[in-house]
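Structure provided below as structure tokens; questions to follow.
Per-chain residue numbering starts at 1, and chain names A, B, C and D are given in the order in which the chains are listed.
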């Protein structure tokens, strides 16, 4: 078991939620019903605050936070530097959107910000899939992060969306919940047929109460609620956020590092 | 790599200019007036000696009880040891130490070192008061004088000392005791006495070739020895021998690290080594592979031995006893006889049995009948004391006149080279160190009243620990001289701080290789630590103060001079040096005596190798190296308690650096044995037998046979683990002849275990 | 191929005595628990006898080091003259990315300095023409310094069992595999 | 530092350099301003000495080693870099420990004694150099390890009211230095 790395859990989940909010709101503006798209300004402001909160959390992860300002110096090879850069771009675009917005942003800016958000998730996916974690040395982190973004984007988005576009958001949420449920149940099984370290990772995940907590509270319960209430209650995002936080904690603590098995099978 | 941030003032402090400017201000302001400090005093600014790179180098020697006894180079700056390294001049250690040697800095500068003489209010209570050396020695002297008056002799004072520090000047502890009068001595050794006696009966002395000539061997049998853990510097010669075509066979009840490096490993049934050796001897005899010329020329009694082999020994019997298939025994016996030269290294663990001596004799016979004794690259290697011919000036002290003592023969330990004192009939009362608990309890007229412990940790090393706790309770005073608060200091009345190897002058030789190393005092003793001879001198001064003439040990001594007094012409000739100063630029190797029995003149009464030893028969054993049965098991599983690579008896394992690599003890169990008791890997188990019990973590491995369990002897810092709770004090067969008392059957113990 | 120094880990000669690991501690006095060179016992799936064969591993000074590539503040550099990967601790911000990304666990976290640190191949000693302390201290010459550009690799293997295969990083370490003794067990138990 | 602080410092030095119960009793009575501390020789002071030895002296493994380099070196060792820095600071001030080489120079008692000396010298008129040295000794040395030491001593298993009294006074004296420090009054 590695350390839970709580600062990183908070940073990644909150960051991805903010990006999800912006992306879903952008989608609502561009492809949503032509009625007015809801309280966009408030939504983007919320996203901005959530992202800043995530960044503050990430500071606690650093041994020497003062050095954070130098984090961009290795853009050439380090995905972590690129991640910092893309987050910077996303924040700038978000701020621009907030300033220029009358009652909604120009679609061009909305899409650009969403694209920047996607770029952030790509760089995050690459940063957290080093060769030392065979189980996630692939596109899985990127998939997990996209799911987090979509889940929170569509669920938290309800709060800001106008009545008309809520069914669309609910549909997005339901689909994402189903996809996420399938992926999170399937991935450990795939690992069980993989190498030794993947098997151990699957073992750790399946043995972790947090993993099952996330499946039940973060995915199955919301799915059931959305089905029964035939809509997304405004508070549903709280359950989903709790599930994502639990899931991310398992992602960091339960994924087995190759160095933990030196001298053993690989 | 400290975390001092180089502030600018710190740089400023480094440069002398600031210091001079500061001094100038001091004198100008005339501030040398009344300094408020009560402790610090005006300093005199003379610069210390500064060498290249700012280091002074000193020569030291690791004084532990180890085959390798490495030469050490110590780097000192500002009176603080910064770094230690192996001495490069020795071809045996080649500039290297081991995992323990490299941890010496953590011993020297550990905050847990015992610093001051202290007295415990209530033994075992843990409540200690600090006292001065004067007070401590006064209490001790008053007790000794009171005992002398009550018993009319000093026999009530007992000393238990062995191999905690093999620096030659530390024999000053025995010297201190002699200078107090006739006292009680725990004599003998738990280590290797049965093997010493066996080799003395066979060849007249324990003498092995220079281990560096092992490269010439064509066949090497490592019999019950684990050099990969206990003599890491010898392994490279075994590898080189293999490189040159030798076959390496390892015979051991446990699949040790050495076994993993051998070509062929025999998992022998513990303590049946004698039977196996005799079986091989019988086959060699039948195949006519005996080196008849060598035997007729250099040995006596071979015919009787051959007769015994033909009538009593068969390969099948040997195979049944040892568990090794007959075809294996015959093949290796033939290969061994054919190889020229072939050698067998006999380990100390192998002779720690009730039939240990007999087993060593039968293996010696195997080497002799194949003509491999007295041959470079050959020999029955066990150990030697060729390089220990010092004056023992510190040990040889005269008792005060009029001292009364014990009437009767006094046994002498194997390191006691003094001739038998032809003086009055009085002698020290010698008790068997391997039955310390029983002897301390049973000794009468006078009973043992006071116990002095130095260079030894009885409550970690001596046997039948629960009985020893009783024995300690009976003592009126227990004085322990040690560096760390171990399980013996816990039961002491007075503890005296002793110096480490870096804080005393002494000289060290090895019982395996032929190098000699000086041990210079690199730094001042920390706190109020004193070396053993300084303690002896201080005690003598106090004794004579309270009762003139009660102690003949010189009252003030110079430890460097006492080290030099150990040297004599014999040592200088053997090492080709004209004074001990020559050892300041590195260890020196003995120039002669490195080929055991090369001249064919054996030390036996007959002057030849004695297959049949009358002396051995006189001492109550078989004249021939006959098979002696092993001990009847008194419990289900055999219990083995060998040594770990991370410590030397109870030293080093308590250091935090060592805890990084060796955090806790384990009992090693065969998976089948564990499954039968539903024990899984990592479970807490309770190992019990008639002597006591131990709570420990289980580790499943087939390195140990299904009918045995193994745990290593060790003292972990705050962990009550102690394998001596399970080991009783049953004696080995031989050992009294040369070591003063029989050995101890450490590996003839049995126990059972159950899930805790 | 450019000069690339690396360690030869001769698991056949190695007796698992931990002298190299302690010599490294004796030289650099790392914090308790921070271990630059560790002696890993081979598990029984790879070597049948428990804790009887070892790999002594520190930093493998890879050709394409993960630590150097992922460090956001460029606190690692690879020396051109001999390919050693050196960590500049004062640049380090303690983000732990190198610790997370190195498959061999070479970078360790120093809890007091709150920074990463790792084996530097004793490059100060290499520059003085000396050998690293671990290599010097080994009593059986089971660790050696090799130059991969001129190495005769007969009998050597890069990815020994029990050592994670990472071709992208291309660790500069070569192994000689441990031998197996012919074991004769007692038959009458 | 006002005289009252200085006497407090001297009493603390005597406390931590104490060899036996009487020394502890004398220092503690002084520290508590002679108020009704139990008279010396009663078992109160024996228990104080037992706890004092378990924490700071031995022979058991120390629960709170009173040496700077046990806290400022990479491993809890003595005679580390911090010891030699302390020795150099004493040298700068023309002072040396009479037990140099046997008692580590960075023992708490010795350092408090040095603090006494250095702070006095720093009071001088144009005492620019000693004030810099005293300030360095306080900031980079005393404040670097003594708080850790106090915390470790308090969390240790062995304890006694007399020891807590001394630790309390040590802490207040140290805080007093920092408050004065911020105030930058000479």
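FYI, contacts are C-beta pairs under 8 Å (C-beta built on N, C-alpha and C of every residue); 3 or more make two chains touch, one makes a residue touch a chain.
None of the values given here were measured: they were computed from a predicted structure.
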Two chains sharing the most C-beta contacts = B-D
Remark   = chain A and chain C have mean C-alpha positions lying a whole-number Å distance apart equal to 36
Note = Taking each chain's mean CA coordinate, chain C and chain D are separated, in whole Å, by 44
Note = Chain centres from averaged Cα atoms put chain A and chain B apart, in whole Å, by 64
Remark   = Residues of chain B that touch at least two other chains are 1, 3, 105, 656-657
Remark   = In chain C, the residues touching two or more other chains are 29-30, 32, 112-113
Request  = Please list all residues of chain A that touch 2 or more other chains.
outcome  = none
Note = Touching pairs here come out as A-C, B-C, B-D, C-D
Ask   = For chain C, which residues count as touching chain A in their complex?
value = 38, 40-43, 45-46, 54-55, 57, 66, 68-74, 91-97, 100-105, 113-115, 161-166, 168-169
Key: Complex contact set, residues of chain A against chain C   = 61-68, 70-74, 77-81, 84, 127, 130-133, 257-260, 262-266
Ask   = Which residues, counting only chain C, touch chain D once they are in their complex?
value = 29-32, 112
Inquiry  = List the residues on chain C that touch chain B in their complex, please.
reply    = 13, 15-19, 21-23, 25-30, 32-33, 35, 39, 49-53, 112-113, 136-141, 178-189
Task = Sort out for me which residues of chain D touch chain B in the complex.
result = 6, 10, 13-14, 17, 19-21, 46-47, 49-50, 53-54, 57-62, 65, 67, 70, 72-85, 87-98, 100-104, 109-110, 113-114, 116-117, 120-121, 124-127, 129-130, 132-133, 136, 140
